[in-house]
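Okay, so chain A shows up in both of these, paired with chain B first and chain C after.
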Partner chain A sequence: MSNAAPNAPAPTAPPPVETLRIKVDGRDIDVPKTMPDWQGRPQPTTMLQACHLAGHEVPHYCYHPKLPVAGNCRMCLVEFGTPAMDMATRKPILNEDGSVKIARSVLPYEPQTPRGAIACATPISPGMEIYPSSPATKQMRESVLESLLINHPLDCPICDQAGECKLQESSVQHGQGASRFVEAKVHKPKAVDLGPRIVLDDERCVLCTRCVRFTKDIVGDDALGIVNRGSYNTISAFPGKAFDNNYTLNTVDLCPVGALTSKDFRFKMRVWFLKETRGICTSCATGCNITIGSREETVHRYEPRENDAVNGTWMCDSGRLNYRWIGRADRLRDVTAGGAKTTWKAAIDAIAGKLASAPAGSVAIVASARQTTEELYLVKKLATRLGAPTDSVPREGEADKLLVSADRNPNSNGARLTGISYTEAGIQLPRIADGIRNGTIRSLVVFGEDVTQHGIGADLLAKLELLVASDILPNATTAAAHHVLPGCAAAEKRGTFVNAKGRVQRFLKAVEPKGDARPEAEFLLELLAGVGAGQFPATAEGLFNRMAGEIPAFAGVEWARLGDAGANVAV
Partner chain B sequence: MGFSIPAGLEAELDALATRYPQKRSASLMFLHALQEHFGCVSNEAVEWTASKLGLQPINVLELVTFYPMFRQEKLGRTQVKVCRTLSCAMAGSAEIRSHFCTKLGLDAHRHGAQTTPDGKFTVEFVECLADCGNAPVVMVNDDLIGKCSAADCDRVLSKGG
Partner chain C sequence: MTKVVDRKPLTFYERTYLPTLLEGLKVTARHFMRSVKGGNAALATGDGYYPEVPWKVSEGYRGAPYLVKDQEGNTKCVSCQLCEFVCPPKAIRITPPGPEGVPADRPNAEKMPREFEINMLRCIFCGLCQEVCPEEAIFLQQHYSLTGLTREEMVYDKERLLQLGGVHAGIQKWKHKLEEAREQESFPVKAD
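On to the complex of A and B.
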């Protein structure tokens, strides 16, 4: 998968990568001499990385490409050999056929026994041969797995990790049908309340320390450790100190087994029932890539999706848990006019009629930087047709060092690029309020914002001849509106957001909208046709491509080429 | 009951910390001194050590729980250490420990050191006491009992801790 921006200038010829020739399972392969480590710095390529390049995934628990290497689980042990060297002449020893003789690594005191090395932490060397599929490697894996399972409770039927558990998967591949362990298992703490969002089952833990390294080295909250010794080793926080930072739920993703579970998701849904949809987190302008897990039109969880240009493999807890409102019972489901339920056709005809006959300058539009870029593009088209001032609502919070952006709108840059708001969002809002107060603005169209919270109070709304509110959840503005148009959460439609750094990223539809709610772009198209503002493509792709052709910043970007990783635009 | 360190001890430990190129290297010395003073290393002592050495308490707790000779609870007046390394294990040290536990009302199946509620006895398994020729070996406070029998155990218990 290429993360390269499609509109980036053609790269000049990259400097040649220095490679080493090695053999993996008997096949020659040239691999780069160095590869990025967990922080992206070039480090000597490891056997595990080389095997990956050769198409062989070496099983592992403690190794994670974005964490410092610990080398403690031993699951990635592989048999290997290096060119034999004549110690006296410092020349390689040759076979009879002239090829270089390979000395397989063996135990020094027992040369008939292969001595494996952990692939995650052993650098490759010229001429090295790695045997990730050899019988000796297989035996090492089986032995390590057997050892990891000694004190494991084997409670897969009630374990949340079942279906996405590395231990379960490896057991299928490398495990044995029956246990040879006849002694009593060590019992460790169960259902430990590690923090407000995490429950720990120490018996399931394989002590890979991914969680310890993540919270220490990535988050900078050195909250977890291993206490006790030997088979009593236990992951723990300090007694009385809750594991509570804004990134704790990433440890649940990192945990290769079912030891760390999310209080939010635990016992809710079997993972194999979940439909996975590629989405974008809407909680701030970082635009973390997510996988939405849904079943039967209900969203059950968000998980981070890897995108090194945006969020790496992480996301914050607040963003991850910000999905429950999608299924709220009080979602706006009905198209209403004057409080009475009506049809889309009737509503759009009525609104279009009123807007089309409104004098120029008497309409204002407040859009939301939570809307998709395509919707904002259409809103701008509507505003241009009506001569309406527009703006969006700024939403500021505190940024952190890792992912959370101070801008809590997912698409502030989309609003700017489409011309809905200016560099400083919200500066038009007081002018719109003044316009309503002095009677010049008599119609207001609001998308996804409660303007009563942003300087256009209920008293001003009461003065309007026409108030159209499109939203997802009820608020004071929808309560005051003459027309309510129920809209969609991002998870219920397709579209794009432009994040704080100008990366335009697309997201797909995970679940159906509730009730009569429709994606805003759909009824905006009808509204635009109704006021005579022209015809636009009806699909998210078509709209995006039309918009990209019109707005210079998007030049060269196409929906199809956005891929899963997005593209950079100038902001 | 607050946790307080005598000024003299604190000054001594502060001076000790400066002798290491990295402050955290003084952790073990701190813990030894605190155990010497308090009889055990409590969680308060762990937190105090961590704050003194610029560590997180969990880092220090890892040390305390790793080394068997650091105690998180005060031991009984009479400490019974039963060797369980190979020679003693083969010579019946498990039975010796069970005997002590049963007589003292302790749980022979529990892992780790156990102290009687009256604070008189602590019974635990330890690793090699370096007297394998006389297995099974038991150490009662500073006295070594070689070729320990049930009768020897009862003699220790009869002294009343």
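On to the complex of A and C.
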């Protein structure tokens, strides 16, 4: 595991940097002498980075800021010049007006022809001039693109990448209207099964090797390589090696063309229809930042969203594919009381009436570390009002070296900070079970968990006078519950999670809840008012800010200041 | 500059109203009598009027958009959804095949729509779908009289669109690609 960037804490105030003065397209700019490379280590600034700082994006395929530089696609070729030097005196040659003469880089045997350099791998030098929009640069780009398109099948109508394809974009910007290539294109294998989650179309590949470098250098699973020669170059998994690690789908994001496509997303929806919502992955405590792609209230895919403080630009396959349950047909849609459908008002009034009249200590609450921090805060308020013991359910798995955390709950730290669970989640559960067994606890409120799997069996649930279960999917607890309150997936509401390292991150709503389901915070507010626990702000922002003002760990954190990258709190 | 036109006052004859009404009825009666005597040009030549005799539209008329099949009876549409995207009144709705969908009936085209619906009540016959189609799979044809008794009936599904659309003998791009690939026998890696 050589990539240190993900999960590293956000860098604090950077030390003053040494800068170089160069010219980009004739304009002076001071750029840092060194910039972080893919591992975050300072390396001499490249022309591509300098152009980026000057506001000029140099088109590229093989270069990726989080991968080692390969310099093989040649798309980032730019014309440049360096200060001319007198070889004898070792002094710069001056123009007549006293300025330093710039020697444009030219072919040694053909001094009238500019010689470009690949911007991604060429470091800048003092006084250098880069011409990213000169006619020569444009001609280089057009020629490279024409060369890349020689064997490209141009089957954009059936290609999943269409709409987010770098080759398509570059063709519009720098390409030609018609092909000069009259020979037959080399045909390579199509729809190759590369691994359990990946389909490869060799014809579309531009051989940038981003996927090869990612799986070798980031994941540490050297599974891919390029075989055959010349026009017959193809990406392939090494014989006897399956491309099946838990990060394979990142190569689909990395692939600048449609060569690597996801089996899960294949032919499912054209990308330009997808509404993009900033979300947080709920599959483990790492809290990878994601972009939820949805159309007409259906979630179609998760993609990683860049956040160097959490996940870099990657996410694991298991988290990425963990979205299908949101649209499951057996989702809880109705508010039920005793198995019969009822309204929210009737249900909340009935539950609030029973809870308000329950003697102190006779109610217990089992919350879930999959709920948002705001919901857990409200649950805690309810528990305080009722004098109820609370806990959340631990969910452990195996951690890996890159992103997956051993804690499979997205908000365990949120549960701890709001006081729902102790440092070790779940230690109260046996006590609650005992309370039910000996009859001291007669009412149980469960949020998003199947307690029959965690020591409170169906026999104990049957002893309860009141069992309220709020959940998303049906389970043994909702089946036994007197009141079922349908809740929402994270993609259907707004809120925050606190990840394993104490980073508070907010997520936004991508799709509408199914049926009568409502965000838990909404009906918790009504329940709190019903039991006389006071009024709370009705929005996620208001709730978060109220909570941040009360809980010391959140001191100084505000919803508006969380931004897309989140903020650190002490855990 | 405003020009004021004086309104002429009605004469006594005009103000009595009924005589002018009778003047109008006289025109109607004159036409009626001419028809009865066989003076109507359309009836005289035996062509008749719409709807008994449908109106013949010129070539290039933008009628209802239908899907076409290729010369071998295969669906030309590859479900690229560009027409759905470009359609200004959002009349087109395509259900893509998805990962488990049936493969295209044309070899090498990889995909075709699971469902393709055009709501003819929404369609404005602008022809953008035909213009944007990279596969020559949808054409505005000569039908202009689309009727139905319910709204649901006016949503044409894939089967109906293909049946109404007929055959378009265009370039068989995917077949050509497949043949070209088969000719390259010397390619060192064979697709399984």
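Simple rule for what comes next: the second predicted complex is superposed on the first by the 554 of 571 C-alpha atoms of A that agree within 3 Å, B and C clash if a C-alpha of one lies under 4 Å from a C-alpha of the other, contacts with A are read in each partner's own complex, and residues count from 1 in each chain.
Just so it is clear, a residue touches a chain if its C-beta (ideal position, glycine included) is under 8 Å from a C-beta of that chain, and two chains touch if they have at least 3 such contacts.
Small disclaimer: the values here were computed from a predicted structure and weren't measured.
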Contact breadth on chain A, by residue count: chain C or chain B: C
Which of chain B and chain C A:192 touches, first, second, both or neither: second
Could you look at A:469 and tell me whether it touches chain B, chain C, both or neither (first, second, both, neither)? neither
Determine, under the contact definition given at the top, whether A:156 touches first (chain B), second (chain C), both, or neither. second
Using the touch definition from the top, say if A:267 reaches chain B (first), chain C (second), both or neither. second
Tell me which partner A:232 touches in the superposition: chain B (first), chain C (second), both or neither. both
With both complexes overlaid on chain A, does A:241 touch chain B (first), chain C (second), both or neither? first
Who does A:222 touch here: chain B (first), chain C (second), both, or neither? first
Does the superposition put A:365 against chain B (first), chain C (second), both, or neither? neither
For chain A, which residues belong to both interfaces, chain B and chain C? 186, 227-228, 232, 236
Listed in rising order, the residues of chain B that touch chain A in the complex are 43, 46-47, 56-59, 61-62, 65-66, 68, 111
In their complex, what parts of chain C are in touch with chain A? 78-82, 84-85, 96-99, 101, 108-111, 134-135, 177, 180-181, 183-184, 187-192
Across the complex, what residues on chain A touch chain C? 153, 155-158, 162, 184-193, 202, 227-228, 232, 234, 236, 263-270, 272-273
Would you mind writing out the residues of chain A in touch with chain B in their complex? 186, 222-229, 232, 236-241
